[in-house]
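Listed below are the structures to be examined.
Two complexes follow with chain A in common, the first pairing it with chain B and the second with chain C.
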Partner chain A sequence: MSIPQTTVAESAAGARAFRLRRFDATLPVWMGAALFVVVLMLLPLGAIFTTSAFTEKGLTLGNYVEVFTDPAYLKAIWNSVITSFWVGVIAVAVGALLGWLVTRTDLPFPRAVRALVMASFVTPPFLGAFAWTLLAGPNAGLLNNWYRAASGSETALFNIFTIEGLIFVMALYSFPYVFSMIANVSELISSDLEDAANILGASRWKIALTITLPLTAPALIGGFIVAFLHSLSLFGAPAILGLPAGIHTITTQIWAFFQYPPRLDLAAAFSVPLLLATVGLIAVQKKLLGRRGYSTVGGKGGQKRLLKLGYLRWPAFLLVAAILSLSVFLPYGILLKAALSKAWAMPLTLDNFTLGNFTFTFFQYGDTQAAILNTFKLGIATATAGTLLATLLAYITNRQLLRGARYLSFFVLAPLVIPGIVLAVGLFIAYSKPPLMLYGTIWILFVAYLTKEMPIGFSQTESTFKTIHPELEDATRIIGANRLRALKDVTVPLARSGLIAAWSFIFIGVIRELSASILLFTPSSKVVSVVIFDLKEEGQIGAIAVLGILLLAVSFLIILAVQWLAGREFFASSRG
Partner chain B sequence: MKYLVAIALAALAALSATRSHAQDAAMIEAARKEGKVVWYTSLAIPSSTALAHYFMNKYKGIEVIVNRNGSQRVLQMVMQEAGASIKNVDVIHTSDAGHFVLLKGKGLLAQYSPKAAEVFPAGFKDPAGYFFGMRATLSSIAYNPRVINEKDAPKTWKDLLDPKWRGKEVTAHPGYSGIIMTHVLALVKQLGWEYFQELAKNKLHIVQSANDPAQVVASGERPLGVNGAEYFYYKTMKQGNPIKIVYPKEGVPLVVSPTAIAKDAPHPNAARLFTEFILSKENQQILADKEGLYTGHPEVTYPKDKPMLKDLKLWAVDAEELEKRNAELKKRFTEFFGA
Partner chain C sequence: MATVTLRELTKKFGAAAAVDRLDLDIGDGEFVSLLGPSGCGKTTTLRLLAGFLQPDGGEIRVGQKVVSSPAVLIPPERRNMSMIFQSYAVWPHMTVFQNVAYGLKLKKLDGGEIAKKVERMLRLVHLDPLAGRYPGELSGGQQQRVALARALVVEPEILLLDEPLSNLDANLREEMRFEIRRLHEEFRITTVYVTHDQAEAMVTSDRIAVMHQGRIVQLGSPEEIFDRPKTRFVAEFIGKTNILRGMLESGRSVALGDGLKLRVLAGDGLAPGKEVFVCIRPHSLRLTPSAAEAEAGRGKGMNLFQGVIQRRVYFGDANDYIVELPAQRLNLRVVAPPTQKYEAGQKVFALADPEQCVLVGEE
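This part shows the complex of A and B:
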């Protein structure tokens, strides 16, 4: 890139002032980053639309007709919609209750509760689903066995391999999204309005119902939509809990379309409604949350006071503990037991104890070592590249460096509305033939993860940059640094803790990713989540438990490292 | 059953072959230079892992990369990679003989007639020399004796239709497992689709791999397996788990699982050496002793507590028919069982 040399004749002081206004030498960097992300998003989506609507004979709606008239496919769509609806409802009820109790009441141990909600959030839903098959399988499930032993009954208390079981497990791993939204909002609501109601004679509970609840209503509806979409996009949980009972969902059906002989055209046609549904719901959410009528929410209001729960304080805590034991303690416990026993359904006696699962998984089973290596390579590469790209993009939109920067954020955030498996369908079609031949290497997974995690990285860095005033950069640039240098030497060090958080959010997102990986891996590019899924299909319970524990341990180590390095609560800022 | 006759004949022949050692040494040397062999296999994880380690111990310096998945997934991978011109796989092994008819037809297999296979009976050899039966697997019934009394246990395939087993049975899936694909075809030919239609009324628990029912039965989650890899039931039982295997008198589906070398194998010499190894008497005997498998090798002996194949009525299916009816079998099974 040649730089126009027009400043030669000018005075030194004049040149410095001019440099701020003239053609920016770093422009190619910003343009490049922007273009890259736009292409990254458009290629897979374009591939889906063309594959679904074009055959060799030309434009056709045949694929759509086939997909939307076959009763088996319609049933899969219905299953997805009904489960996701109930997941949304339950997640809102549980997430809002916990969010409110933690932020607005004198619930005991609020920090521990937050930490455990975070643990539920970090747990990959497919791992939770797997653990629940061991806990609540109708005949051998631990909880059902306890129930039978205690009640003398012959039947099971709960069968996890049902629509209800699927809803239950997906809700357990969706409510943290609602929790974080509610917790963020209700941190910001001041007590002024509640005080006013109090002076007018309203009871505590009436205040909660008539003041606090309506104020949080947009967040509740937003939370419902997020939980609904999250559950709609899950693949592992429905595959593990639904398929054994003959229940297909949209995601498992898309995956089935890839089996030989593959029907990519149908997979693409099946992806489109999922895509449109999510776009529609996000639009609704934007409209609701963007409304102005709730100006009390936002900014730092007056004082916030904690509601005294009184005699309900400990019962409320017990309820919270029970919910968290369903999402954390029980699943983790059964994983540990399965990892350490020869036969998982037998009591963990000395006879049944073994470390064989660990030695088999790590040292004998050939897939594991390569998959662990791939997973961490991809985690580190994606988190690093993702944070870098997100930093550049957030900087562009935040400082309005390019014309149309506002629209750029639309592209960056687009993957929020693209379920992982749909993204994978698009990437598979786009990148499995020349000239873009990435399929067969871990690079296609890298592209998938980078695309999928971009919104999280972006919103993290974006919100961090908002808090840093451009004055400091301007000062740097007046003394001669270009924009990139100012970003590197001034803004990035100031944004350090936000960037570390972005890095680790992406890393954890990557190492637990299943729904895109399941379509994009090849035997030479397997990752841990795919290996777990393969092991699940063969019923290798011990090895799955070992790998699951590894994933969780690494995630928690990363979180601890972040809290130590960045000196902040990991779960303080909301996702997406 | 013609190959049983062949097994007997071949056993009588009792070969004592002394091979040209110079030729073997050349192959080993060439394989060592390649350094590894990539094996896509549907043999159960513990068994394929063990087999890879036997090979690596014998031929130090040649690594076996094992990629284990269900037969149908192995085929999916091979075809997806072929479609994208990715050359990764050396040796392909599934339990769906139809796959090898398909792969051969598409020109994706290399012709290689292993010396080790010379003693094998006809049913284990492709006459054109593209694929060879590495093992024989039965698909059997199994139950958990802690939950089901021996006298109540089913004896025949039709016994599984009894409504008293509702909610107690588990099946593996032909859309994943080649053993189950073969099983379904064998039973459809003998008993008709009505059998599966009737069976589906018992609300079966559906797992994917033919090896998974062993764990489901042993844990008691579903105490009765309506099909499954007999060798894996046997292995699980030998580890001290509560499992009893039933070999129905009417007939037992026999699954011959072929092995073949990929046309574009990146390590062709290692692939040949590995193929010779897995078909060798030494390895075939290990498969019988340690993994509970049957094989086509006429000189192999079997554990005392396993029935002899000649004492069972075996239902074999034709590879060509398996290939032709693959899609139909998957579709109808899915219609009856839901997924």
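This part shows the complex of A and C:
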């Protein structure tokens, strides 16, 4: 074959085009998936920046000046920062303690403790916040009633509608993030490292302080940042606990900008600092974890021995049980009680017992049936589309199929640094005018969820793909399968349990989503979390409890199903 | 005709060339090994052949057809090749039968024919009783046989093997070397075999290409490579060797230090008056305590060294000696039969046939 002599650059470019056009028939699939996700991420972000900085008169910083000089708005920013800071501190203290107790000591019932931490993790914070209004509301809160009955006092012991109350509740549902990071790291620290100190004469407690703790330090700082960001992005908890007391945070303020008369420009301008703060902190975290941290810890082979707590064993267990009762037992108990009683604050006697809340919620209240249907339709659709897209994208980055595949993961992971409500602002602006008129339909929620859940689906599938030796796939190709066929016949079946997990994570993430939904729903496209928020305004305590229990029940069923499937899969792979 | 031609083949990773203007011609039905230390570019060459990588320069032709060049890349699935991987890459979610049948299914053969071919192939690699098993239930050697059967059943034009035995234990490795050669003699498929193990290359190959820094430094039959290494690198990489530094005088004489002259086998293209290296294999040296025998040997034209035993290591099937040559201030390594025993400090003579003293260049 003859190729005309050209310059090096020309022939290289030509060669590439030639190769793509002529030989790889599966290329459009990869290009299409990559392009789709880039557009998916760029549209809302671009919308935020342009709306915040452009008016009819052109480029302006006016919106920024307005939001960053008004004392009320500044106060909201300050509230967000201060609550998130303390949430981070408490979450690290509690999460690290529990993580260490479960993985490194002979704490009783470690599996049960893990399961309950998982339950706190799965509980939507807005639901926890709602339950805590029933527990520690100043007037009718159950704990306050008990206190009054026990002490004869007239005043309330707790008031959850305060900054402290907000910090307390958000910390309860942020510490599981720290817990899982610490548990992961500390399971990898082999006892050899600790024995090495022991042989030099260090005591157990000295070892814990001088060896184990420093090794987990990167995870601790990373955990703080994750908890901080998580609480910064929450909408439901501050809306339920802060707004009644007139406390605004960044997220509730953005929501307020959407109330009549809507101020999209201010909402967009207000979103930018939240976005930048998140980006900055994630960068710091990556840097921290990317350094020595895990690699020194990553040694395998070494055995792990449990530290004997001695006489502290049961006191430690009581402490753990107390913490978990705050995040799980008390809230779940009060929800169950509220769901099953006529008057939720009264004792649950036979007289007070009713199933009326269930019939009311499922058959009488106007919005619930449609909302439940919407929620599960969206859950299934997003989880399915998301897993498929995540599979293609993870495959592209994992196998470096396209030039610049490395950069693709930035786009896919971008929503990690976009708080839900900020994403909603961007999506609202981007998709509420032609040609992409999605607002008012259920599709805008689909797009929002797909965008928001893409990082979890992607990282799950990517880490699964990493465990599959590329030669398994090369082996299919060399005897005649193209890439798509190899993906279908070998990689996907081998990644099955990881893909099922990705599907479930997305599904659970979708059915509990509030902070983006709250800006994007319309009367015809309500979802369960939004209905709960509405019911709160109407004081329909029993119905909220019923819907909350429904969300929790479905989430736990899914998790159990995954564990069962993954367990089987694990069994199968140890055989096959 | 599945001849394979590599011309000026180049692959760069960043600035470094992993494969550097490599030329190689492989005949139809020939078994060629790419032998070299890790990082020499042999696996990259193989992956270029398979089409998993695209070259930055040069080309690969199968027969007359260009399959790889900077402008052309026939994808692996359309090359009619098979490959055996270091990790076996046997699919864990398919049975032995399904693994072997997969490639035939891709060729859209009908079920009966697939079953017939798979069964015949499984018999050939002695796996027929295990057809229904999953790979997790097989030993490493059995998995390797599955990989072989899977690669051969599609009747490829060219078979590529990437360190296929490096994950097996020593005994199995030895057995599988012969198995691979046996299957080659059965099918006569043009084969390229990548390994860092010289014994594997010796047993299996028609020709060996020794690679170093992305290039082939010597290409030849196993005997040529072992007995007539062209460079110091080849001599030292293939088996143990003594390397003596000296000055080439006339065509076949090398002056070592202190007046000792060695008669050597002629080397190509080495000019007199230059510094050269002489390669003597430890088993080519013969030790004797008797001065008379030593003189008799010298009389027959043998090279004679005079030294002192410095150390003996007993290997069961051989004694391994370090002989110190005080006059030349160097040590010789000598492998002697286990019956020949000398103690440290004992004076000995070492004789070497000039035919086995090979001149090699520095590179």
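Here is the rule we use: the second predicted complex is superposed on the first by the 539 of 576 C-alpha atoms of A that agree within 3 Å, B and C clash if a C-alpha of one lies under 4 Å from a C-alpha of the other, contacts with A are read in each partner's own complex, and residues count from 1 in each chain.
Operating definition for what follows: contacts are C-beta pairs under 8 Å (C-beta built on N, C-alpha and C of every residue); 3 or more make two chains touch, one makes a residue touch a chain.
Note that the structure is a prediction, hence the values are computed from the model and not measured.
S.K.: Determine, under the contact definition given at the top, whether A:342 touches first (chain B), second (chain C), both, or neither.
M.R.: Touch status of A:342: first partner only.
S.K.: Mind working out whether A:258 is in touch with chain B, chain C, both or neither, as first, second, both or neither?
M.R.: first
S.K.: Given the touch rule stated above, what does A:474 touch, chain B (first), chain C (second), both, or neither?
M.R.: second
S.K.: For A:437, select first, second, both or neither according to whether it touches chain B, chain C, the two together, or no partner.
M.R.: The answer is first: A:437 touches chain B but not chain C.
S.K.: Is A:105 touching the first partner chain B, the second partner chain C, both, or neither of them?
M.R.: In the superposition, A:105 contacts neither chain B nor chain C.
S.K.: Can you tell me whether chain B or chain C touches more residues on chain A?
M.R.: B
S.K.: Quick one: classify A:504 as touching chain B (first), chain C (second), both or neither.
M.R.: Touch status of A:504: no partner.
S.K.: Just chain B (first), just chain C (second), both, or neither: which does A:398 touch?
M.R.: In the superposition, A:398 touches no partner, neither chain B nor chain C.
S.K.: Can A:489 be said to touch chain B (first), chain C (second), both, or neither?
M.R.: So A:489 only meets chain C here.
S.K.: In the complex formed with chain C, which residues of chain A make contact?
M.R.: Against chain C, the touching part of chain A is residues 1, 3, 11-12, 14-15, 18-19, 23-24, 469, 471-472, 474-482, 485, 489-490, 493-494, 572-576.
S.K.: What residues of chain C sit close enough to touch chain A in their complex?
M.R.: On the chain C side, the touching residues are 50, 52, 54, 66, 70-79, 81-83, 85-87, 89-93, 102-103, 106-107, 134-137, 147, 150-151, 154, 156, 160.
S.K.: Tell me, which parts of chain A touch chain B in their complex?
M.R.: Interface residues on the chain A side: 72, 137-141, 161, 242-248, 252, 256, 258-262, 342-345, 360, 364-367, 432-433, 437, 439-440, 522-524, 526, 534-535, 537-541, 543.
S.K.: Once bound in the complex, which stretches of chain B touch chain A?
M.R.: The touching residues are 38, 40, 44-46, 49, 52-53, 64-70, 72-73, 75-77, 79-81, 83-86, 88-89, 167-168, 175-176, 205-209, 211-216, 218-223, 239-241, 327, 334-335, 337-339.
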